[in-house]
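Structure below; questions to follow.
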């Protein structure tokens, strides 16, 4: 199929679909009509779009954990615990890494070993192996909306199964679930595959069923400058909308400087709305803020500090939801207790801050302007090199380093951009690679980093980047010498 | 010094940040680092070690499947003729917060010479490797 | 002695001193000259004034726990733990409640029972019973500045002992350590007694030794409107300065609304500086922010949320130090581990926020203006009824309800003021008693509470107050119906 | 209903907020509340109970010295002729986070009829008191 940013015809979709449903035996149990029937009966309090809408209207920030284990019963216990004890507002099912690579055979091994070992040997819930029936059992056992969270470049079969099981939201996108998560999957392929996932949601929409889609905002979670992640988020929003998706949550991962973080969220929401409007898409937009996604401190009390500060920022930014970390983050997949603790610290902070926002100030206004300008520089160029086609543009832009995500493992990523914090902890760019910023913007970044260098009495350079990567884990935001 | 190490992240694991930092740290410490990057199979580690005549293989695993992914690596090394090659493993090797001494034991039984808990700084590994290879500081 | 706001003569001081040192056998070991010698040798890193100054200059917020147990060895272990494991920047010795009431006999019982029980039966460190020697053992065993924190209406002997032992700061004041902490101690008496404590510090100053004094900002810790606590803080600052105190830390207890809290801290610092200047006092002023002082949630993860949000506010307000709560707050005096956890969550948050400030905005500016206006209304009236004498004015003002502290146990407090939160969680006043606000200000408060009432579809009234008192403990800031 | 309770905070304890709320809650529930406030000695509790012919004494202690302060109260009540008067205690009765069942046991042994852990809501005490006094709801 030729890559372009164009809604797939039904013919195109159903041709590919045959193949998709044959990738693993559980695929044959997906029946679109029957699934639609099932989805129509999902009550409002278990629907992602409905709950997000309510939160947005009330100005409340919802809390959602990450969580997933190998076996169905254990997974149900885990989710129920997070719902009842943890006070979660929205539930996830984090999918294991073999599923993410479509290595369903290895999932079977993991499932078996988990049964034997009496503990999960997989780092998530292998939804494809469990099939529609298994996934419905999970859905029916909980009282909150359920979403698949993963990191899967080719999530077509997974998406078919989870939506048919009543899960009303799917995280991911052609860029955000490829470049940070894969080494050698081409963008041509991941864009086509995510067009499929989006088109599936679009089909449900056409049948009158509202499903939510959420591009993965934080990318590598490691010092990603806001304009880069916002550009990707807007692109994935537009690609989804073209396939008929109408309920979209765009996300951003906390960088740590309050003004920059709030500015990034505001810029993201406003600019995305503008682009949707320009292209004539009718999308209900909500936002998600991710608590710090980089390396965490090992100490649990310190981890609570990081978690709570993320929650506070989410509230002050007016995010529709916040993705919650846990006090075990630095060490391993959390126990259900640790996971619940993360949610409770988060909810307490959100509730203390309910209704409070960071008021507009000169500093905030300027940061919003800067992020929007930078994002526009990138997007303009993507459209330009795609000769007006966004999908083509994305492939070209990555080839040319116009889109470039720091620390990403993909060989399709240029990897030339190097970020570093300025003296206030805001993430700026040290090496621009081919990011198409104006000279003025580049000079501004440079001057901020030089301000830091003077303060720290050292040169601007790679050591700053290394220090910044370690900093939060060591208890600081900015990686100063002798931390 | 001229000692060569193969560095990589095993299995379906995409965590790239630590890998990039390890490459830099071991290079700065004087090693000849062959970084095969993330998402590497056991075979890729072994082939790289044979091709470069490496002195050690440094395996990272962050995402939790380390235990499954590392199983049998020592045996495959033996079969491939990499007798007694140093095998180190580090990262977040298992799923969840587990008693470290037991995790270490399991990996040692699999044939790893050294095993590191979450958040170990590169310096620790460098010091051990110099010791194990008989390099003076 | 006649009560007036006038520096005591040496004659006056030393006459009273004789009596003070005879209150308990350990008093006789205090020798001013020898103590001065000892204090001169206190190294800079163990001096409160020096460490506060450094923090203020660097724009850093220091973290200080509360902690105290009955026996010296245990107390030393506790403080060392908070220093080494907890990463505290400043150390306290929280004094037990019998000492606070000068019931040293009961302290002896508590000490004995503690030895027998193998755990502290006192809620703090009985410094007077341990005497100069015991207190010096504590001081010499730690590496950080040490402060007495208590709640003692008559702290004269206590102050003599702790300063002579090298403790370079003393918390308290004539109002703040009486009205919230006592039932039937007159203000005449507590003002005179705290003039003594301040004069003692003044004498040391005259001998070239810098000691820090810190009025207790949060008062009852329960919905105290900022202008009331700021008025008290400024009064106690002025009373101290008159006796020759030159290093003062003024404090404020978190109310929970970010803008109000930052505004309160800014108003406090600026307005206090103005008053010091007007009266010609040469004072080095620093500030302290208290993490939420009211009822805490029992759940430890939720407590971490409260602790971290307090830390974030302290940092954004630019406080010189923050007083730290613990995850055990709702239940009982914390173990040393829980105490260290509180500090670590705090430090992590402070470090993430190092250098970040809430930028000036219209909302912040207006709140600062409001608090200053209200504070001035109160202070003007206090001076007026005291016919220009602040000490006399304070006594009169309490009699007349011009100064009136919500929920205070003292019979010298009118207890007519009732606070409640507005719809954004800022603490406003529901019943003004005789607080001398202008009609304009009163109407403004009323309108804010009515806005809340409309939102909650109920009447403005006492039930709001009750709900607000419980709210944070239940996980919210504002006490909404059906919380 | 006409039942009278003496309410107060014992010892050198100044915590006034809970006391004010308890007064209101018990009054709203129909009791005749004699609130002697904070910082009350055992004698003040007993005198107030005698003077008002009270049916129960509700002791609060928040600050940690509750164990020392409450010791002997039952015996003094007996001596003063307040035989079998209901004695309740609540608040943060002991120093620190202790195993609740043991704290309860210690206070019951001291002669308290009911003992409440930190954060108990007034409603719980009201329900128990009505039960113990044979009052129908």
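Labels A, B, C and D are assigned to the chains in the order they are written; within every chain, residues are numbered from 1.
Criterion: a contact is a pair of C-beta atoms (placed from the backbone, for glycine too) under 8 Å apart; a residue touches a chain by one contact, two chains touch by 3 or more.
Protein identities per chain, from UniProt: A, C = Glutamate mutase epsilon subunit; B, D = Glutamate mutase sigma subunit.
Being a predicted model, the structure only gives us computed values, none of them experimental.
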Return the chains shared as contacts by chain A and chain B, ordered by label. none
Target chain D, source chain A, minimum contact steps: 2
Could you give the separation in Å between the centres of chain B and chain C, each centre being the mean of its C-alpha atoms? 54
Roughly how far is chain A from chain C, centre to centre by C-alpha average, rounded to an integer in Å? 44
Chain C and chain D, separation of their C-alpha mean positions in angstrom: 30
Suppose each chain is reduced to the average of its Cα coordinates; what separation in Å results between chain B and chain D? 65
Residue numbers of chain A (touch at least two other chains): none
So which bits of chain B are touching at least two other chains? none
Is the way these chains touch best called a line, a ring, a star, complete, or other? line
Strictly by the criterion at the top, what is the full list of touching chain pairs? A-B, A-C, C-D
Please name which positions on chain D make contact with chain C in the complex. 11-17, 20-21, 24, 37-39, 63-65, 67-68, 92, 94-98, 118-119
What part of chain A is in contact with chain C in the complex they form? 256-259, 297, 299-309, 311-312, 316, 340-342, 344-349, 351-356, 358-364, 423-425, 472, 475-478
In their complex, what parts of chain A are in touch with chain B? 97-98, 100-101, 103, 106, 109-110, 113, 119-123, 151, 180-184, 220, 222, 294-295, 298, 328, 330-335, 338, 407-409, 466, 469, 473
